[in-house]
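Below you'll find the structures, each written out as structure tokens.
In the two complexes that follow, subunit A is the common piece, with subunit B as its partner first and subunit C second.
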Partner chain A sequence: MTLSRRNFFGIMAGTGSMILGRTKKATAWESKAPDNPYACLVDLTRCVGCRKCEEACNQANHLPPPDISFDDKRVFDTKRRPDDSRYTVVNRYYGGKKNEQDELLPTFVKIQCMHCQDPSCVSACIVGALTKKDNGAVHYDVSKCIGCRYCMVACPFEIPAYEYHNPMTPQVRKCTFCFEKISKTGGRPACASVCPMEAITFGPRKKLLDIANKRIHENPGKYVHTIYGEKEMGGTSWMYLSAEPFESLGFQKLPLAPPPKLTETIQHSLFSFLWSPILLYSVLSGVMCLKNKDDKGGSHES
Partner chain B sequence: MKSKRWTGVKSKIYALTILSALSFSFFFSVSNGNAANVNKALKQDKPENWVASDQNAAMERSQERVPLIINVKMEKPGERRNRLIGVLSMKDSEHRYFLLNSPIIKKDNDLYGPVRFMHNKHMIVSGDCTTCHHYRPEGNNTSETVRCRACHQEAFHPDIPERTGLKAAYHLKCLGCHKAVKKGPVNCTGCHAKNVPDHGKLVQLTGKPKPSDVTKECLRCHQSSAEGLSTSAHWLWRGPSINTRGREKEISNGKATNTMNNFCIALSNNWPRCTSCHAGYGWKDKNFDFSDRTQMDCLVCHDTTGTYNKTPQDAGMPDPSVDLIKVAQNVGKPSRQNCGDCHFEGGGGDSVKHADMNSTLFWPNRNCDVHMGGYDFNCHECHKTQNHHIRGRSTSLPVAEGGFTCEACHTENPHSGNELLDYHLNKHTQTIACNTCHAPLYAKCKPTKTFWDWSKAGDKKRKPQKDKYGKDDYLWKKGEFRWKESAKPEYAWFNGNVERYLLGDTIESMNHLKITAPVGNFRDPQSKIHPFKVMRGVQPVDPNTRLLLAPHLYGKGGYWKTLDWDKSFKSGMTSVGLKYSGEYTWISTEMYWLINHEVTPKNMALSCATCHTSFKEALNHPLNQSVRTCNRCHQDNRDINFEKLVEQGIDFQLLQQRGRDSQSLIDSTDYINFKALGYKGDPIIYGGRFKKLPLGWKQ
Partner chain C sequence: MSHNPYPLQKKFFTPGVYVMLVFMLAGGVTILARFIGGIGYVSNLTNLYPWGLWIGIDVASGVALAAGGFTTAALAHIMGKHQYEPIIRPALLTAALGYTFVVLGLLVDIGRTWAIWKPMIYWNPNSVLFEVAMCVMIYLNVLYIEFIPIVTQQFKSRFRLLGVLEEHLDKIMWIFIVAGVVLSCMHQSSLGSLMLIAPTKVHPLWYTPILPLLFLVSAIAVGYPMVIFETTLITSSMNLDAEMDTLTPLSKISIYLLGLYMILKIGDMIVRGTYIYLFDFTAQSNAFLCEMGLGGVVPWIMLCFEKIRQSRKGLFIISCLIIFGVLINRINVFIVGFKPFYSTTSYFPAIGEILVTSGLIATLMFIYRLAVTWLPVLSAKAKKGGV
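Up next, the complex of A and B:
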């Protein structure tokens, strides 16, 4: 097994927490998630793969024109990922459902930043360039960003992308949740407002969960009885309803606890009452004292 | 507009002392006052008072705002359906036709044009109002059905977040049903045309570009369009001829290769003149390179300015005075103007060739063509296009890139609204093409050529006489003509296939030849009675090889220069690779042209009595109460104005009063001539072709 960067961090964090968990009780971690932010509910049974959301996103964010036109359905032949030139992409999956003619039925899956309730990227960002806003958006402030790309490592959905082609003023790029738009009354994300099928429903998160539960309740045979994003990673502002198991549609099986809970607990435990720096510096000063004693004699010789 | 240009060209030619042979001939032909030969610019600006009435009314309705209904009465679908069956019917439908174009939808994005929604058609096909009208507003005295937008308006309404917005309501309902019943369009452009982005900024042309430079600029983004056009009939002028009997598997028949007619006969060596209607630049001889996509003419079909024009005798090159950059910056979907500029002018002038297409269709009256005049249809809304292959087929040309029928939109039971007639009219659709009743006349407003005798050509001394329409009956270049306006079609059984004479086919009878004729007969269930314009002509034939001759007419060495038929045939036949024995004679020919356009609304369709003599007899009978027609089967005593019922429809007398040439048709009956079609007589009396009359009534 090769040790990837992600795994390495995982192991490190795991080991650290095991050691520390025993040594010292931390103050309980508290979620900073907004109570009822805006959210989007994506109903995959409605999506027809028209790619209008991609087009609307491209225009709303003034992204470069795509290599292949938004009308071209051939893009579905490969799985695409959001990157610095496209904040959202729709992929086609064949989850296994068939029609009467025994033809596989496609399910189209839109992916973008999930705007987690307790985002790892925000937690990992050392300069506060990424923040979780009250309206739900995980907001990126380029003026603060130093380009460390910790957010890219931290994101469990592998969303933030970096402008590697732009060496002078590179930015981290990801879905903005149309922050400016949704900050205004009646404003909606570009993708949600363009969607012809209302596969994306935009609204307060709690209300959307009600709607999602209602849809499942009214069509128990149609949907799998899970709302992806309700609890995953501590809950996300983008949630999905599906007719097929999420694992067969490219969704990762993720833990329910928000990652910052673990990492921040470790970090906060390390720094609570400043015991670790005090200890560290005490040890260091001790070492220095000892070393200085040794050095007194030696200096004459030199 | 063009005549000005002619004067300009003329004066230039006067000014020049050195004349090339070609330009000299050009001048010569114009100065001979050959009015019929001068292509007048057909394009017309929209007349100020022109309104497509139905379309306009629907558009106004679509812009109306209605108050949002928050509370609806929840009812289980099955219960609601059962409750409303028999309660709601076609009579409750206030409007047959809607445009789905609400400002609610356009608020955030305006990507597509309006959707034409045929409400009554959907009522018939679905048979269940509750499929769409799934809930009713809460309250006791509320309407059972309301418009979609009464309940569905802006998406994500805070008070009713679970209710879909109008756009999604349309898409979910329409798509859901179309997919479920496997009928109706499920792709975006199947229902609404995509708005063309403003090309003003996209087009990067400067200076004075050549036509091919413009095409190169178009191809920068539209490679796939060129790919599509490169195999299309509009580019190649040939293609698969799946509807031509005996040639179903051939793929190279068409104007470019072997199609003949009894107008200007064939393309043979007449390139620059004929190909002025080609969607390309410079097809001036047989060496034209069809693989060179930069020679494609995008602008002729996509110009929206109305300023683009091709020079009539320059192999498709645009008029040098056209501002190509301006045209390129204003491209859009083709309109009737674009298509009509060539297709209304078939045969070298307005209305000459096609029975049912002429410049009146640019801005027609509703009665002239209900689709274009009432609903402002553009050609491509029926002639749907995919990869630049345009659906539709004619009897006159073998190439077909897919066909469509009236039934595709209107269903096989299109009549609704008059319960006394609907059943009978809908039964007619099994035997009769829609246009048999809905195009009772052809060339309604502009006379068309119905006869052309080439054998009389060449007499420069003969003075042309004006006929009653003011058309010349003679032209020394072309021979003798007859014209007809508001003509009665000829009727024949037709199953979609055509018998066709193509260049190089041997003629059986030297007395008479049908260049095209419909295939079909009385006993063939696929055949329906269709209306045709039959073009009759006299044209040259080689008595030895028994081949119809293709003359070289235009340009150097052509008949219009030399007046020498022999040379003309030699040159023409050589150019198509066929033998000419040196002898020629004349043969009378016929060509059937199916009438597809100039579709009239119901008030101008044939009435029952126009065809069924028995009704006419009953009406004219002094004791018409006692003559049994409808009441032969219907034993009821309802008070029905029988006369009005069977006589409602086209009124030739009224047409004549309005200045149309329909005098001879007034009071006509047995309009389609049942006996000639194989019936014993009026089918009301003698029965149809497959069914006997049920009640055994004898006259």
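Up next, the complex of A and C:
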């Protein structure tokens, strides 16, 4: 009995060390981010909170009319999140900026899907209903979706929303980056094209990063020296410039590595070519064969 | 072998069974409500808390607690420890029912129930959930195949064809037994990888890159206690012999398995330095202490005493504690430890969610009782004075 138990653990340890040995050899994870997709740069110092972007988004996506009309400023009294009836919202923060009279000045922050370069939701989606397009959009294909909501668990920006009150055909709802519009030449997302303050600049991501850096350096003291979205979670297609620290404006301090890096590394080093299940299967059938051959009492089972 | 499974053929309807029926009815009504009014109508799930009780208990805990199926198969069939054969069938029945229950829970939880087959066509090999789904689907079929001999044994005298089926199946059964163990190892660990995609949301006490290993080891560790737990329950409820001569040696293996799990978990805590959160006295730190202390350290110490292992009550308490520990662990990883940045409220399951889960558990117990009454699952002899 003691001997056999030792064998059992021996086999477990042997298999374990083989798995570890193999993991080291596995190829390193590579980003699947498009090289220079379309992106948007939001300059928070320009936004005046007119909510024209919310209205344009609502119309472009045929969303239901809002609870509080788009010209009602009382909406800023509470912090809102995007949901299934609004893909983008503007919130008001008092980040500490003051005028000459020592009154706090508001900063308006537009939020929507960030369209990550290496999106967690795309990696997580069980059926691949979410994909990162070359033009930058994280695109949702409802015909594949089963409604597991793992994308919502995965999203670090906590953006995808669900139609919880639709019993049979609910969808995941989030900003589409106006995928159809930006697929055409000269097309821009509804929100970017409507903004009267030119707070949202649409264009190729690399060009926008240049613009952002230029603004930071040509206006010393105006901006904090970070472009939010340049590196967070592996970089996003929506990026922000701000005069105040991002943490005081409701932005999360996020790690730079995209989360799929860890999960995909684990999955692929363990399961590429199904090597580990096949190995474990062979080892176990070998053990089964040996253990049952020398056991005279074992006639009961195969 | 001396063991000889037989259908108990005892009185089926007892007061306990009526209680089960009430829960089943309540669960059924709630499920109906879910398919009329939507998930939001019966649950507290939100955009920030997309997974709740149904995933935490029905799926994650259901899979973990059904681990008795593959651990006993590995021990008795693969390692050739034939003295444990009497517990294979009850463990197999629990596993088959447990996984059925997982799938039923999923059917209620996913938004597009009718689309459940789609992962078979649309593959995303990057997705941990895809791998879990594939393994669970195949393993459920393997479990049903492993269950066939129990049915054929009962009915082959009446239907000649079943006897032929049994004979042929017996020759290739080893393929399914080994496959069952391999598939279990794969998805038990991958269930732990599920939450690794959300590093900013899962509390650092649980978020660790070795979460898949912890899930696998804890599933293996909870397998035998689960068998002890249900064997004790069913033998006392059916007034049968306690089978202590099988269960006590089985519990000895748990010393090593639970010990290994505790070492990994505590070691991981030390390496990552997360012990700084231990005494925060938040819901998370309390839940972690509860999980580790009551569900890990206490039963491990109890296991080390042979006297406790030999007493039926002691062994039952140990098993309950270990099961509690693993159950709380899954709930912690998926629910308690899940804190989205933008959440202003915390999640607590709605009465509807609880009714669905309790209804499904009651159904599981109901079918288990049905199966042991009419099919040759249990081998425990009736106590003197019984029957």
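What we mean here is this: the second predicted complex is superposed on the first by the 252 of 302 C-alpha atoms of A that agree within 3 Å, B and C clash if a C-alpha of one lies under 4 Å from a C-alpha of the other, contacts with A are read in each partner's own complex, and residues count from 1 in each chain.
Here, a contact is a pair of C-beta atoms (placed from the backbone, for glycine too) under 8 Å apart; a residue touches a chain by one contact, two chains touch by 3 or more.
Note that the structure is predicted; figures quoted are calculated from it, not measured.
More residues of subunit A are touched by C (comparison of subunit B with subunit C). Look at A:214: by the touch rule set out above, it reaches subunit B but stays clear of subunit C. After overlaying the two complexes on the shared chain, residue contacts for A:50 are found with subunit B alone; subunit C is out of touch. By the touch criterion stated above, A:280 is placed in contact with subunit C alone, subunit B being left untouched. Look at A:162: by the touch rule set out above, it reaches subunit C but stays clear of subunit B. In the superposition on chain A, contact is made by A:196 with subunit B only, not with subunit C. The intersection of subunit A residues touching subunit B with those touching subunit C, taken from the two complexes, is empty. On the subunit A side of its complex with subunit C, the touching residues are 1, 4-5, 7-9, 81, 83, 120, 122-129, 144-150, 152-154, 156, 158, 160-171, 252, 254-255, 259-260, 262-264, 266-268, 271, 276-277, 280-281, 284-285, 287-288, 291-292, 295, 297-298, 300-302.
Taken together, the subunit C residues at the contact with subunit A in this complex read 1, 34-41, 43, 45-48, 50-51, 74, 76-82, 85, 109-116, 118-119, 122-131, 133, 170-174, 177-179, 181-183, 185-186, 190, 193-201, 209, 212, 249, 253, 256, 338, 340-342. Chain contact summary for the complex, subunit B toward subunit A: residues 108-109, 111, 155-156, 158, 161-162, 164-165, 167-168, 171-172, 175, 188.
Listed in rising order, the residues of subunit A touching subunit B in the complex are 46, 48, 50, 52, 56, 188, 192-198, 201-203, 207-208, 211, 214.
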